[in-house]
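Lettered A, B, C and D in written order, each chain numbered from 1.
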Amino acid sequence: MKNRLETTLCGVKMKNPVIAASGTFGFGDAYAAYFDAARLGGIAGKGLTLNGSLGNKGVRVWETPAGMLNSIGLENPGVRHFAETECHRMRALGTAVICNLGGHSEADYIEGGRLLNDADMDILELNISCPNLKAGGMAFGMRAETAADITAKVKAVTHFPLFVKLTPNAGDIVCVARACEDAGADGLSLVNTFLGMAVDIQQRRAVFDNVYAGLSGPAIQPIALRMVHQVCKAVRVPVMGMGGICDWQSALAFLMAGASAVQVGAATFANPMAMCEIIEGLQRYCESEGLSNIGAIRGCL
Amino acid sequence: MKNRLETTLCGVKMKNPVIAASGTFGFGDAYAAYFDAARLGGIAGKGLTLNGSLGNKGVRVWETPAGMLNSIGLENPGVRHFAETECHRMRALGTAVICNLGGHSEADYIEGGRLLNDADMDILELNISCPNLKAGGMAFGMRAETAADITAKVKAVTHFPLFVKLTPNAGDIVCVARACEDAGADGLSLVNTFLGMAVDIQQRRAVFDNVYAGLSGPAIQPIALRMVHQVCKAVRVPVMGMGGICDWQSALAFLMAGASAVQVGAATFANPMAMCEIIEGLQRYCESEGLSNIGAIRGCL
Amino acid sequence: MAVTPTPTIRENTRIAHDICRMRVEGVPRGEPGQFFMLRAGAGMEPFLSRPISICDATAAETVFVYRTVGRGTERLSALRCGDALSVGLPLGNGFPLCAGEAVLIGGGLGVAPLLYLAKRLRQIGVYTCVYTGYNDETFLQAEYEEAAGELHAKNGGYITDMVDFSRPATYYACGPAPMLRAAARKAREAGARLYVSMESRMACGTGACLGCSIPTADGNRRVCKDGPVFDAAAVFFEDRV
Amino acid sequence: MAVTPTPTIRENTRIAHDICRMRVEGVPRGEPGQFFMLRAGAGMEPFLSRPISICDATAAETVFVYRTVGRGTERLSALRCGDALSVGLPLGNGFPLCAGEAVLIGGGLGVAPLLYLAKRLRQIGVYTCVYTGYNDETFLQAEYEEAAGELHAKNGGYITDMVDFSRPATYYACGPAPMLRAAARKAREAGARLYVSMESRMACGTGACLGCSIPTADGNRRVCKDGPVFDAAAVFFEDRV
């Protein structure tokens, strides 16, 4: 059976356009008992910060209608540990390695980006959209100027194709996307989580120590899809689309809206086999529609 | 049994703080077979435009995970018809009458606001947040300047307490909220629907003729709640909170986040008795917590 | 989540490959052509209720016949006696009952709501001539043999091709949009009065949301509240021009 | 939505007021202290799966005992034989098995996972002294009478008050956090080794999301992957200072 899903992203060849979203697949081994990670197009590792972090205190995950809030706060072992250890383990999985880099300050991002040049990886995903950090994170992604600035600075130091991961909480995501493209981004990833909130009515307090947290899962899918469609119409660089993708139909909708690849996050929690089912579903779709490659429907809307 | 839910909003006395959201309860009679509308705190009628409208063509409603997209496009009989006919029928229902006013242009809003002075109603809700109009609607609510400007102009002509209904698609909803308050709004309603999208993968086209449509229902609740919390912290005028409220627990969360009243929209479609169950649930909550009035927990977070 | 009446499922079985019949007790009796908004279980998933017509009803019991096409109807089909179901109240305007003679034309699942109409017409002494069109498996034929004055069934092709629109009768049609359109054209040409039951995506089902609005000769009309039964001349008015 | 093994529900009955037992076939056998992520039905609702410990297991069958507290467990309790259920694979690190003598302390639903441990220990010749603490109704007492070397039950009050921590035994505890904390303090004072099974809100259950991380003496640890069983000295380390 011919693979009709092969996808190339900024020169990186992938078996298929289905990628595990950052923060939802560890560094690639957590679901080993369920399936071989080599089946995936790629894996975006947990977001790194320069010196690592213990993440946030208190409740970290909370269920919502058709979705979930998280306030992990980038618990991670740090850039050096990734470059020395995790990246080799990820490489051994036999799928594209995407490194997600967060930061608390401009200096963090630049130094992190520089150190990662030593890592064995394929794509650098610049996370300027994490809503769970007290300093940095999403703050960089809310406005075009700051987003473009940090993009240009990291682009200047990295050897890898640079995807900038955008926040849906930005006032005008299309404007931020264009600015990042102009600043040298090789691609864009969107969306990160929506800023949301939950209340513990018994305790009469916010569920999360940080009060606000990040919403993801099928609930956000219609909004994420709209944003991906808007951004794809506005930029020429490839887009990794995500936000609530949970089956091959929703993955296909993102590809039709213009995404070159999709990332799957929270859906894997509800159904560990979600990404495998999506890959199989897209392959079957290509066969039944007579498409020699899934790229044929990209941006057909 | 003492009613512990009585709420006064800008001088308007209501039996309880539970209000049918605009566009989801017609002009108040659609659910008559299910329950007596007099049980509600109030009803926001379908959004009006100066000269009425047939609304949008094509598919108008679409189910999404824990929510729905709509592209009604303000089908309505016009301001004059409301002032002459509907408002009296609504008044006869025995609950607070809120008139939701949309518009395609500044002149529309001002003239509509003026004509509504003849109507028998309690509150004017200025809808600068409808995402389904080609011209006007949400465009006014996306930025603080335009929102403040139209607020001031309608405030200058109306005799009624003026609530401005905000869009969650604005870049900075807190900034828009503050600007409307400063421009003379007596209160704020939020949120209207989120701009979203759906794809008909069989047809390889967008489901809606307008491509984008408005998302509502439980899916958006965590984001709406966060926005209500942010806005309530930032303004002094009363807020009607809404977005995905579907049971008394979620209604209570909005009140705890600072809302003076809540509106319930899409949940009524899934469960026609939702608002009645919310009212009963809040009353029971007050009893079991020993609150003489629900207002005691307002903004307790 | 329970809406005022709490229905009890007495039967929910497959009567054809992808078609189920559900018998429910404890709901108000509706009229032929009316529908209910059904939802399986007690939760919010799937979010919207599903409009399903009354296929038959007595004071005690209401029968639905539905095709499993997506998530909502799949979940309905998985229900067993005792499971939670909500149906709300009977909605919409049913078929106006006629005197004399009636011709009923059902295509696909459109044969379901017409059964209740056929039974009602028979009760009030109206002679019914029923046409049922199927694509593969037939269903409800035994019931129609009992209820109809005369019965014509067709498997494959266009059922409207079989119908003689020149009878001095009132015509009723229910089925896919292209079939209704064809019927409307033929009825217009023959000068016959035809009532059609329309479909549209619905959110509220009660006339509140305007989600199901369709353009008619009389302006926009809500399929759920003003219909689902309309005079074909009003809804297929554009074909006239 | 089906995860590799497709479980078949053989029984799902109420064994106390708000407690159910579900017997499931066709899932891989886990170890005492491990858990599965359960979800009722085939849909996405509720969104997250629910962690439930193994209460007992043979090669053929796995038993869960759970309290209905919210939407997820309510839906589980409504399942009947033949209904769709997904459980995934056994997750986490179970109880380290000891030699000699073991003291098992269960509070509330914590008595459930310890049953499987008691049975396993008995098989390998370890003498078990079991304490079960309940708030109102008791459950699983008959099973424990069979499985335990000695059995002490208490209804109301603190079960840890009954336990003698000075025995030359390995201690195991499962139950609400305050009970585990009390047990940890007493074990520390007595110099006894105590293993506790921790709870934390979970999304993935596989170590991927870091949602269930808790601080321990050895740094952050994931309850789902590094636990749920921990040495009490490591997780209640803050009490020591």
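Just so we're on the same page, a residue touches a chain if its C-beta (ideal position, glycine included) is under 8 Å from a C-beta of that chain, and two chains touch if they have at least 3 such contacts.
Model, not experiment: these values are computed from the prediction.
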Item to check | Minimum number of chain-to-chain contact steps, chain A to chain C | outcome: 2
Item to check | Most distant chain from chain B, judged by the mean position of its C-alpha atoms | outcome: D
Checklist entry - Any idea how many Å lie between the Cα centroids of chain A and chain D? => result 35
Checklist outcome for this item: chain C and chain D have mean C-alpha positions lying a whole-number Å distance apart equal to 52
Item to check | Separation of chain A from chain B, taking each centre as the mean of its C-alpha atoms, in whole Å | outcome: 34
Checklist entry - Which residues does chain A have that touch at least 2 chains other than itself? => result 64-67, 217-218, 246
Next on the checklist: For chain D, give me the residues that contact two or more of the other chains.
Outcome noted: 44-46
Next on the checklist: Building nodes from the protein chains and edges from chain pairs that touch, which of line, ring, star, complete or other describes the result?
Outcome noted: ring
Item to check | Chain-to-chain touches, reported pairwise for every pair that qualifies | outcome: A-B, A-D, B-C, C-D
Checklist entry - For the complex, which residues does chain B have touching chain A? => result 64-67, 69, 170-172, 194-199, 201, 204-206, 211-212, 215, 217-223, 225-226, 229, 244, 246, 249, 252-253, 256-257, 297, 300-301
Checklist entry - How about chain D: which of its residues touch chain A in the complex? => result 1-4, 39, 44-49, 86, 88-89, 201-213, 215, 219-220, 225
Checklist entry - So in the complex, which bits of chain A are touching chain D? => result 23-26, 30-31, 33-34, 46, 54-55, 59-68, 70, 72, 75, 217-218, 246, 266, 268-273
Checklist entry - Which part of chain D faces chain C closely enough to touch in the complex? => result 43-46, 71, 75, 78, 80, 83
